[in-house]
Amino acid sequence: MAIAAQNNGLGGGRPGEGAGIANLLFVIPALTLYALFVLWPLASSLYYSLTDWDGIGAPRWVGLANFTRAFADDIHLASYVHVTLYILGTLVFEVSFGLVMAVMLNSDRPGFALLRGLFFSPVVLSMSAAGVLWNFVFDYRTGLVNAMLKGIGLGDWAQPWLSQPATALICVMLVSGWKFAGLYMILFFAALRRIPRSLYEAATLEGAGPIRRFFSITLPLLKQNVLICGLLAVTGGFAGFDLFFTMTNGQPYNSTEVPVTWIVKMAFDSDQLGYGIALTVILTVVVSLISLLYLRFAERSHAVEY
Amino acid sequence: MRSNTEAPGTPRDWLQFGLGAVVVAGMCFPALWMIYSSFKTNREIFRTPYALPGTWHWENLTKAWNEGGLGVLYVNSILVTAASVILCAGFATLAAYAFARLEFPGRRVLYRIFLIGLLLPPPAVAIALFTQLRDMGLLNTLWALIFANAAWSLSITLYLMSGYFRTLKREMEEAARLEGADTFRVFWYVILPMVKPAIITTAILNTINIWNELMFALLFISDDASRTLPAGIVRFSGFHSTNYALVFAALTITTVPIMILYFVSQRHVIRGLTAARAD
Amino acid sequence: MASWTRMRNLAAGVIAAAVLASTFGQRAGAEPVEIRITHSITGGTQKEALDGIIADFEKANPDIKVKQVVFDDDQYSDTGLITQLKSATPPDIYFQWAGFPMQRDAKEGFAKDISAEMDADGWKDSFLPSVWSPSMGMLYEGHPYLVPMTLDVTNVIWFNKKIFAEDGVKAPATWDEFMAAVKTLAEKGETPIVIGNQELWPLGNWASHIASRVVEPAHYDAAFKLQEPFSQPGFEKALTLIDDLRKAGAFNKDIAGLGADPAMSTFFQEAAAMHPIGSWLVPSANEMAEKDFDYGAFNTPLIDPANPTKDSVIGTATGFAVHAKSAHPKEAIAFLKFFTRLDSQVKWAEAGSFSPVKGAMEQAKLDDKTKQMADMLSHAGSLVPPPDTTYPVAVAESYYQAAAYVAGGEKSPHDALVWLDEHVKAMK
Amino acid sequence: MAEIVFDKVAKDFGGGPVVRDVSLTIPEGEFCVFVGPSGCGKSTLLRMVAGLESITAGEIRIGGKRANDIPPAKRGAALVFQTYALFPHMTIAENLGFGLKIRGAAKAERDAKVLGVAKDLELDGLLERRPRELSGGQRQRVAIGRAMLRDPQVFLFDEPLSNLDAALRVHTRLRIAKLHQDTGRSMIYVTHDQVEAMTLADRIVLLNTGERTAREGSLAQIGTPLELYHHPRSLFVAGFIGAPRMNFIAARVVEAFFDRMVAETASGLRIAAAVCADGIKIGDPVTLGIRPEHVTFGDTLAARVLNVERFGDSSLVYADCAEAKEPIVARAEGGTRLKRGDAVSFAFPAEHVHAFDAQERAVPRSVDPLAQ
């Protein structure tokens, strides 16, 4: 990720303006806010993570004990497996689905704009409202899904969707897809609009059908967007909390436990703030490492140009 | 742009539209179901889950509004969102300009530090931030959410904005500078009007995010008087989980206005999102 | 304290009571002193009763104003209380659960030792004597730190009388009868027991009650203090009982993911025959059940006649603590004395709470269900507190998780205990 | 009082010198054109005058004052950008008046001045429009108007015509020339187009690029357009100035007298050149050059016509021969009957032949067309 690298022109040390200390004034408001509410808690996390602390008494120094515990905590470890599965799911249900819909709804004919607007609309909904709503949809006894199955004579297929490990995580992924596919659709749609129409015309003249055009023009030209959306999905996935909190809260049998739900449980439900903070430190390291690797990969493939 | 010149209504277009419409209808049904179910009685919802209400019970809405204290939630959400978005947009625009165009000590390092926030998930500091806000005496105040949300939106806003700044031609600023404008006036008279589209874009993205933010709201606010909508809805549905009609009514009240707002300003929202790179 | 998170706002608990009227001299001409009291009673009859008592108190003591700071329950136990206790201007009085939370507050110096106040004017004796037994958790190192407020039964088995009658089932007295009843109900196509175990405590509380009836008290205590492994015959038997229930088809299919409140509503909608939950079901029933809905309750049936706590009830006490840094401790005590006066407590009991003050329950006009609860408590041989108010919450939650595995058929009782020991090992 | 002096000016962005060792004086009122291939630093040099680019070494003096540390706005220079750099969110009137506003002029004064310049430039009907509603030529006039309103000591133009079509280019060129006559101000004009350079300049500064900059500094040659045309100092200058390019033929010296030299190509063809033969030794390798307009049809060099470009008033004949790698170009009359494949024979009048030594330096000519 390149920084504002070219510093010719105005950046290049203008005559008569000294070292540009005054220019710092432009950055200071943002920096203050950022330092107070992002950097400082991040730094203090490092301290608290080395203590045993219930949030009430004084923190007691325990060295690396919290980290030892974290790596022996089977639910904590499993939560990373779950979040990985969830991220893979979001790549399918959010990113890929959004891409397909972007292509399908890419038309100037009347009606398509309305479809795009409707398709995007769940993005505007709050996650908590979405979670509450979908709980009612998936409810075993009275939910919409099972009621529909019964309605079409498939009552035997009715499942306790959110209560069995085999389906609970998938349900969360589906809702996640429902909620966010629209966002990716719009991002891809915008990118599609930037592809010169002449490329498609040239390909059509060469005899390429719609599917071939998609794979040999659309997809390669959207590579950069796909990679950026992928990064959004990955970092967003690790931060995922709202849907899990409102839909399953980690259950059944911790099969939908993700790092954040487990952290909140440990810190606040179980009054172990020190341990919870240690888990946040681990989460931070994991996410940063993955993001950096991802960016390195993306940079190497020359797809992400900043 | 596609198709204005093509003959309308070829079978393939109809197929494309039909498929799209089916998917979109499927996506919208749960929300519609929620809306019309909010006018049913609880019994009706269980007995005939997807039928329309026999009689429309408008009183469900007033009951939910009163019991959920939704008015307060609305006001709080609006205050928090507006203040955070404005704070973030102002600070990030200033900083993005400096990072893209000005020279000052520590520029590269500071920019990288800001970019860290792009990759960090907010839960990474949630607990430490909680204790810090408590020490600052900000817990249970809207300021806790305003500062936290604004700070956590800075990185992405700054990143998008400085990317946008780099697409702007330097000549405008150089011209203004030659005319005698100092750095601040270049920013105010030339830059700010030109980056307005980008500010609107990022503000829209931030509005959606902050309006829906749940975790900070759950952790930092325990007082009814300063709760925001997402946390309020979770709490309300917990209390009344036995009363589907009432929960649906509350969900309808809280989501329908924002949906209407979205559809009214839809062109702008989408144009904003899609203008993220060009012009 | 996940298990206590929801119930506060729904309503009260169980018990009996007494009173002590306190007179308190007025200081003429002084500015009114404001005392702040924080709790998590957000609404319902209990809140009305509390508001009424506060109004009476302010009328009787014009120089004292009482300000309530109210949180909902999740918030109160997760973050709301912690925040206030550590603030520069802490509340004068705060609501707290007896047992582990109270003892932590005492140890950290948040709660005031109220021995002297309790001893004066026979205040202490106005409460039921059982309140002061060490297992109730009102004491820290022998000194009282909480003014008892309510006693909650955290688990009895509520049953639908109509379904029981239709299927020819009676409220069981022993575990065998209970199993037979479950089997009969299951054969008739009913859901015998509905539990919404998404938050683990609804089954967890009951499972620990069952364990306390099977495991020797010393071993039970040692295991939860992580001094002994859970993998021992007693716990395995306790979980096997739950496993037997599962095998008999006792539980609703969506037990693992269902919320506690939807489960309650399932019971009210007569979609299940039994529902093990706390005493706070009573006030909810008035709001949510249909008019013709009739239900009763029985305690967890007799399992092992040899166990010293064979006829125990599982429950916990709650109370008000005075903050050690309160600027107005005298006024705070004055209010608490007023609150625990017999006449106040009668109102409190009539609002659906189980007053710990002598005579209050007797004098109050109570509905049948509340009376039944009170009877059950008075006949109980002992009171067992739920583990998540007595032991470190993380350990209690882990045990609840093990019980959830068994009830869902995910793990055998043995495997669940092996998992449990493995899981808690890291916490030592 | 706006003489501009470059004193050993250099610029380095960190990847080697872009501009090196530029010493040059532009007297007041001169129209000076910086020209050179892309990457030669001509724009950088201009922006250093404007103050938009810092000076790595040396100094620039404007009106006798060291300008290195004077902020851009105080240098009395107005810059017209290639992209016009009009503010898109302001009307034309606001664009024109922006500088006056920044400098604190009263509104009435501002309006009057803006209107005056707008009338001059025939922009008075467009004042309420926004830049995107204007054509390229109109936008360029606004940019020039903005510069005029500054009433600068020196006008700077950075490739101002390159975004315009051919007809507009000629038109605007004339307007700029008129501006120069009317104001009498110094002007520095950057372009890569030698036609603009030749037509506008009092003096041309031709800049080196790349490795040549490192070797001999940025300045390839300074002089009037005709000096550069007739007396190029180097092979590079000779090749850059003049269109079509000068023809070059490699040869070896066989005879050298006072004012004349004869060289022989590898194939044995002998060509004479009117140059001062002082330092030339028999056997030295030389490159001979002759401009297409000076090639005549004779019997020296046999070639075969590749292509004929007809302009009406004249034609260009491209012909292949054994002696040069590139085709020889000759200007013929408009009605020439030559066509592709025809055999043709050229002659090179000695008074028009240039010679360059092994170091690509020009051998001084012994005839001076400028003296006549």
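Order of writing sets the chain letters: A, B, C and D. Residues in each chain are counted from 1.
To be clear about the criterion, contacts are C-beta pairs under 8 Å (C-beta built on N, C-alpha and C of every residue); 3 or more make two chains touch, one makes a residue touch a chain.
Chain by chain, the UniProt names read as follows: A = Sugar ABC transporter permease; B = Carbohydrate ABC transporter permease; C = Extracellular solute-binding protein; D = ATP-binding cassette domain-containing protein.
Note that the structure is a prediction, hence the values are computed from the model and not measured.
A.B. asks: Any chains in contact with both chain B and chain C?
C.D. replies: Chains that touch both chain B and chain C, as defined above, are A.
A.B. asks: If I rank A-B and B-D by number of C-beta contact pairs, which comes first?
C.D. replies: By the number of C-beta pairs in contact, the winner is A-B.
A.B. asks: Among the chains, which is located farthest from chain D on the basis of C-alpha centroids?
C.D. replies: Relative to chain D, the chain whose C-alpha centre sits farthest away is C.
A.B. asks: Rounded to a whole Å, what is the gap between the Cα centroids of chain B and chain D?
C.D. replies: So the centroids are 55 Å from each other.
A.B. asks: Using mean CA coordinates as chain centres, what's the gap between chain C and chain D in Å?
C.D. replies: Each chain's C-alpha centroid was found; their separation is 93 Å.
A.B. asks: When the C-alpha atoms of chain A and chain B are each averaged to a single point, how far apart are the two points in Å?
C.D. replies: It comes to 15 Å between the two C-alpha centres.
A.B. asks: Would you give the residues of chain A that are in contact with at least 2 other chains, written as numbers and ranges?
C.D. replies: Residues 9-10, 12-14, 17, 55, 268 of chain A each touch two or more of the other chains.
A.B. asks: Two or more other chains touching the same residue: where does that happen in chain D?
C.D. replies: Chain D, residues with two or more chain partners: 51-52, 72, 74.
A.B. asks: If I count partner chains per residue in chain B, which residues reach a count of at least 2?
C.D. replies: Answer for chain B, listing residues that touch two or more other chains: 46, 174, 177, 219.
A.B. asks: Which residues, counting only chain B, touch chain D once they are in their complex?
C.D. replies: Against chain D, the touching part of chain B is residues 169, 171-172, 174-181, 185, 189-190, 193-194, 196.
A.B. asks: Along chain B, where are the residues that touch chain C in the complex?
C.D. replies: Going by the criterion above, the answer is residues 46, 130, 134, 137, 139-140, 219-224, 235, 238-239, 241-243.
A.B. asks: Help me check something: in the complex, which residues belonging to chain C touch chain A?
C.D. replies: For chain C paired with chain A, touching residues are 1-2, 78-79, 82, 85-86, 104-105, 107-108, 110, 197-200, 252-259, 262, 266, 271, 392-394, 397, 401, 404-405, 408, 410, 419, 422-423, 425-427.
A.B. asks: Considering the complex alone, what residue numbers of chain A touch chain B?
C.D. replies: Touching chain B: residues 1, 3-4, 7, 9-14, 17, 19-24, 26-27, 29-31, 33-34, 36-42, 44-45, 48, 55, 101, 104-109, 111-112, 115-129, 131-134, 136-137, 142-144, 147-148, 151, 178, 186-187, 189-190, 193-194, 197, 235, 238-239, 241-242, 245-246, 259-260, 263-264, 267-268, 273, 276-277, 280-281, 283-284, 287-288, 291-292, 306 of chain A.
A.B. asks: Which residues of chain C touch chain B in their complex?
C.D. replies: 6, 9, 42, 69-72, 74-76, 78-80, 82-83, 86-88, 259, 261-262, 264-265, 268-269, 284, 288
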